[in-house]
Amino acid sequence: MFATLRNWIDERFNWADLTAPLRKKTVPAHDLSYWYFLGGITLFLFGIQVCTGILLLLYYRPSANEAFESVQYIMTRVQFGWLVRSIHSWAANLMIFTAFCHMFSVLFLGAYRKPRELTWITGMLLLFLAMGFGFSGYLLPWNTLAFFATKVGTEITGQVPLIGHGLKVFLRGGEDVTGATLTRFFGFHVALLPGLTTLLLLTHIALVQYFGMSVPPAVEARWKASPSEARQMKFFPNFFLRELMAWYIALGVLGALAAILPWELGAKADPFAPAPAGIRPEWYFMFMFQTLKKIPAKVWFADGDVLGILVFGVAGVIWLLLPFFDQAGGRRGRRLVLGAGIFALSYIIAMTIYAYMAK
Amino acid sequence: MVADPKTQPEPARRRMIEILLGGGLLGSFASFIYPVLRYLVPPPVAELGGDQVTAGKIGELKPNSAKIFRFGSRPGLLIRNSDGSYRALSATCTHLGCIVQYRGDLQEIWCACHNGLYDLNGRNVSGPPPRPLEVYEVHLRGDDVVVSLKREA
Amino acid sequence: MHTWLNDGFLRSSILLLTIVCVCAGGVRAQAPSTCLDCHAALDPPLQVTQAQFSQDIHAQQGLTCASCHGGDPTKADMDAMSKAAGFLGKIQRKQIPELCGHCHSDGAFMRKYNPSLRTDQLTQYKTSVHGKRLLQGDTKVAVCIDCHGVHDLRPASDPRSKISPLNVAQTCSRCHSDAKYMQGYGIPTDQYANYNLSVHHEAMTVRGDLSAPTCPTCHGNHGAAPPGIDSVKNVCANCHVFQAQMYDKSTHKVAFQSAGLPGCVVCHSNHGISLPTDAKLGTGPEAVCMRCHKPGDICDQARAKMLQDLTQLDGAVKAADRILAIAESSGMEVSEARTEQDQARDSLTKARVTIHSFKTELVEQDIQAGLQIAAKTQAEGQAALAERDRRRRGLGLSLVIILAVLLGLRLYIRQIESNASKVETAELHR
């Protein structure tokens, strides 16, 4: 039966030629090949987010009066609503985690080097978009923690010099966090960010397909010395089946998390109540949050918070342009980037742990 | 090129792997599709409505009488005035949280716990209650008496 | 640019002038008084400082020392205190009520200051124990200034006032808890100590409920006297309406009245009113029924039945609470059941009020209503736990399927790769 279908398509679209590149595609096979999975897992989790997100859209109401109740409705009345919602919340966190791991593995394995600079840039932009997804999505249940976390988060944005106030008003849809903010964040979360992500994602994947998988410098050197050791694995079916295993493991983990540690609902946000103790953003913002908390109020002449924000802004730009720093640095370039990577990773991990322990 | 029988694993083993993989894939797809299909079917109760609620039906209450209704997670008091119109307020006494009741003889709202009294506008007029009761908006929609939160200015 | 405003000398002169004018304006409200010039520097009890007197509401309304003490405040020396000028000196305690009443009982006069203030304080005072004894010559009793203060008198709405609801019990206790002072009067001195242990005191100080009863609420303030034995119930009934109504219709009312017992106080005490627990209905140290009733008699049986019912409902509510807590901590959503639990707790409260009818059938009604709700919420909690178990079983099943797929994939990969390598080896050996 599949054969007839294939012939039908082949007669019209030359299926064989279309799929030839995929059949020929190979993946370098070496000890570090498993790191190649991370990009695919992030993509897979994004796919899960799109599906569960669309399902949630069928019942969610983006107004301050009804948002909380609609999520409560999904959790209690809709068949398997608890599953869809918990998977959406857990997969969001897992996706950002794998995106960070993917970025760091690309950095440490040198896959950003020429000719893959644009792949790195599109990837970094995708990471920023993912964090934007996380920030906007977090507000949507309109519970106390989300409300105040958004308040603090947008307040910090407001401290960027010159454009800060305008940026804050743009994000909040006004001076304060209100129902208007919720509607706006909803628009960002289901339309603006998905649109931008789709464009960047298609570009990113096309670039990956075009350049093929990069080989880490150490392995490259080894293979240059003894070419007979160089091995390639066929993408289809060998690598793909292994990747499928990774995806199924991810599915199992997600299901277990959703059933055993369901995402909590909390209490409905009350804008007039005082902020509860212990307001904090989600874990992927914690290292920045903790840094800002620890910077003294005044550093020389500059306001501590503004300095912190600027530092992170500059760091973000540097990170975006990392491949060019590598090239510009000549032989030391790679070392510089590795050093920066180790520093960034340690800093993020240390600050995140510090933030949670300090509570 | 003829397939060398020595390169093929035994047919029985191949079969088992095929069944395991095929059955597993099919089963896993079913376990994904089944919850999604159930999810798509709308539940019998259409909404949880935190914004507004149908407190009762027209004609259910006689003039100068009242009933308690559920407004989200809070109790509300729906009063039918002597002239036939409706009013609705929060039914949680602002003193210590008891549920208040309507006194047709006094035409005021009374809390049995410590003898607190509110007028029909919710203002605390006598006894321990320190604050007025929250007043809601009432609209008549067809057969239903619909109570909603006061719209913010 | 050197404008006239920039001139430093001119600027400070204007500032000084403004300050002087403002002060003069402020001082205008108070007539010039030389009394404080000396008396601020004296030792107590003659000392009255400007700081003190400026807090006094009479001073703020324009009264001076001379308004009560007579004399001539414009004279700067001892002439101010001349008899010719009408100086009264220290007012005798016996004369104080009449002195204050001179203004405060004059409706027309008080209307000029605060038309809604009562003007019957003196009349009421004369009906009080304090007032009556004062008339007989006992100057140890409280007169106006003992409670209200004298030179720094504040209105009752001021939380620093001695007669603010927050402070008035302590004001009363200054005499009434002083055993030496109260010697000879034949009344106890433990009221304040007991009151501090009571629910009413806790309501005021811990929960900030200013409507909670304190000494004047039950005893009156100006007409202070203990409520009569028959009237105690009326006093309590001002807030505790239902309990009083049920008590009125019960057998205890007649019984207590004819025995000359003070109603509510018999079981609940008067000053040290503690939170009533179900132990009051028991047989232990807190039990009140068995102080009069005999074990085994019909009343004892009724008591036992009521206690049993209450214990049953209390237990049912607590059990439902426990199961809901477990469901919640496993991640199930039970907010609706929690709201219904409030209604079950309301039934329990209602039943405890109904005890005052001393009729087991009435208590039974409230208990049954509560038991129904508790049974419903218990069932909802069970359902939540069952659902949680269902989800875990579903998860288990899906994990088994996933494991099967993983195993299948692994074996399949191995198969095709060993196959491929066998083909390679076969080819190499061709």
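For clarity, chains are labelled A, B and C in written order, and residue numbers in each chain start from 1.
The rule we apply is simple: contacts are C-beta pairs under 8 Å (C-beta built on N, C-alpha and C of every residue); 3 or more make two chains touch, one makes a residue touch a chain.
Computed from a predicted model, the values in this text were never measured in an experiment.
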| item | value |
| --- | --- |
| Chain closest to the middle, measuring from C-alpha centroids that were averaged per chain | B |
| Pair joined by more contacting C-beta pairs (B-C or A-B) | B-C |
| Subunit A and subunit C: spacing of chain centres that average the CA atoms, whole Å | 54 |
| Inter-chain centre distance, subunit A versus subunit B - centres from mean C-alpha coordinates, in Å | 35 |
| Shared-contact residues (touching 2 or more other chains) in subunit C | 335-336, 398, 402, 405, 409, 412 |
| Shared interface positions of subunit B, touching two or more other chains | 28 |
| Sequence positions of subunit A contacting 2 or more other chains | 72, 83, 248, 251 |
| Contact footprint of subunit B on subunit C as seen in their complex | 209-212, 238-242, 335-336, 339, 346, 349, 397-398, 401-402, 404-405, 407-409, 411-412, 415, 418-419, 422-423, 426 |
| List of subunit A residues in touch with subunit B within their complex | 55, 58, 65-66, 68-70, 72-73, 77-81, 83-84, 248, 251, 268 |
| Partner subunit C, residues of subunit B touching it in the complex | 4, 6-9, 14, 17, 20-25, 27-28, 31, 70, 73, 95, 98-99, 112-115, 127-128, 130 |
| Subunit A - residues contacting subunit C, complex | 72, 75-76, 82-83, 237-238, 241-242, 244-245, 248-249, 251-252, 255-256, 259-262, 264-265 |
| Partner subunit A, residues of subunit C touching it in the complex | 331-333, 335-336, 391-392, 394-395, 398-399, 402-403, 405-406, 409-410, 412-413, 416-417 |
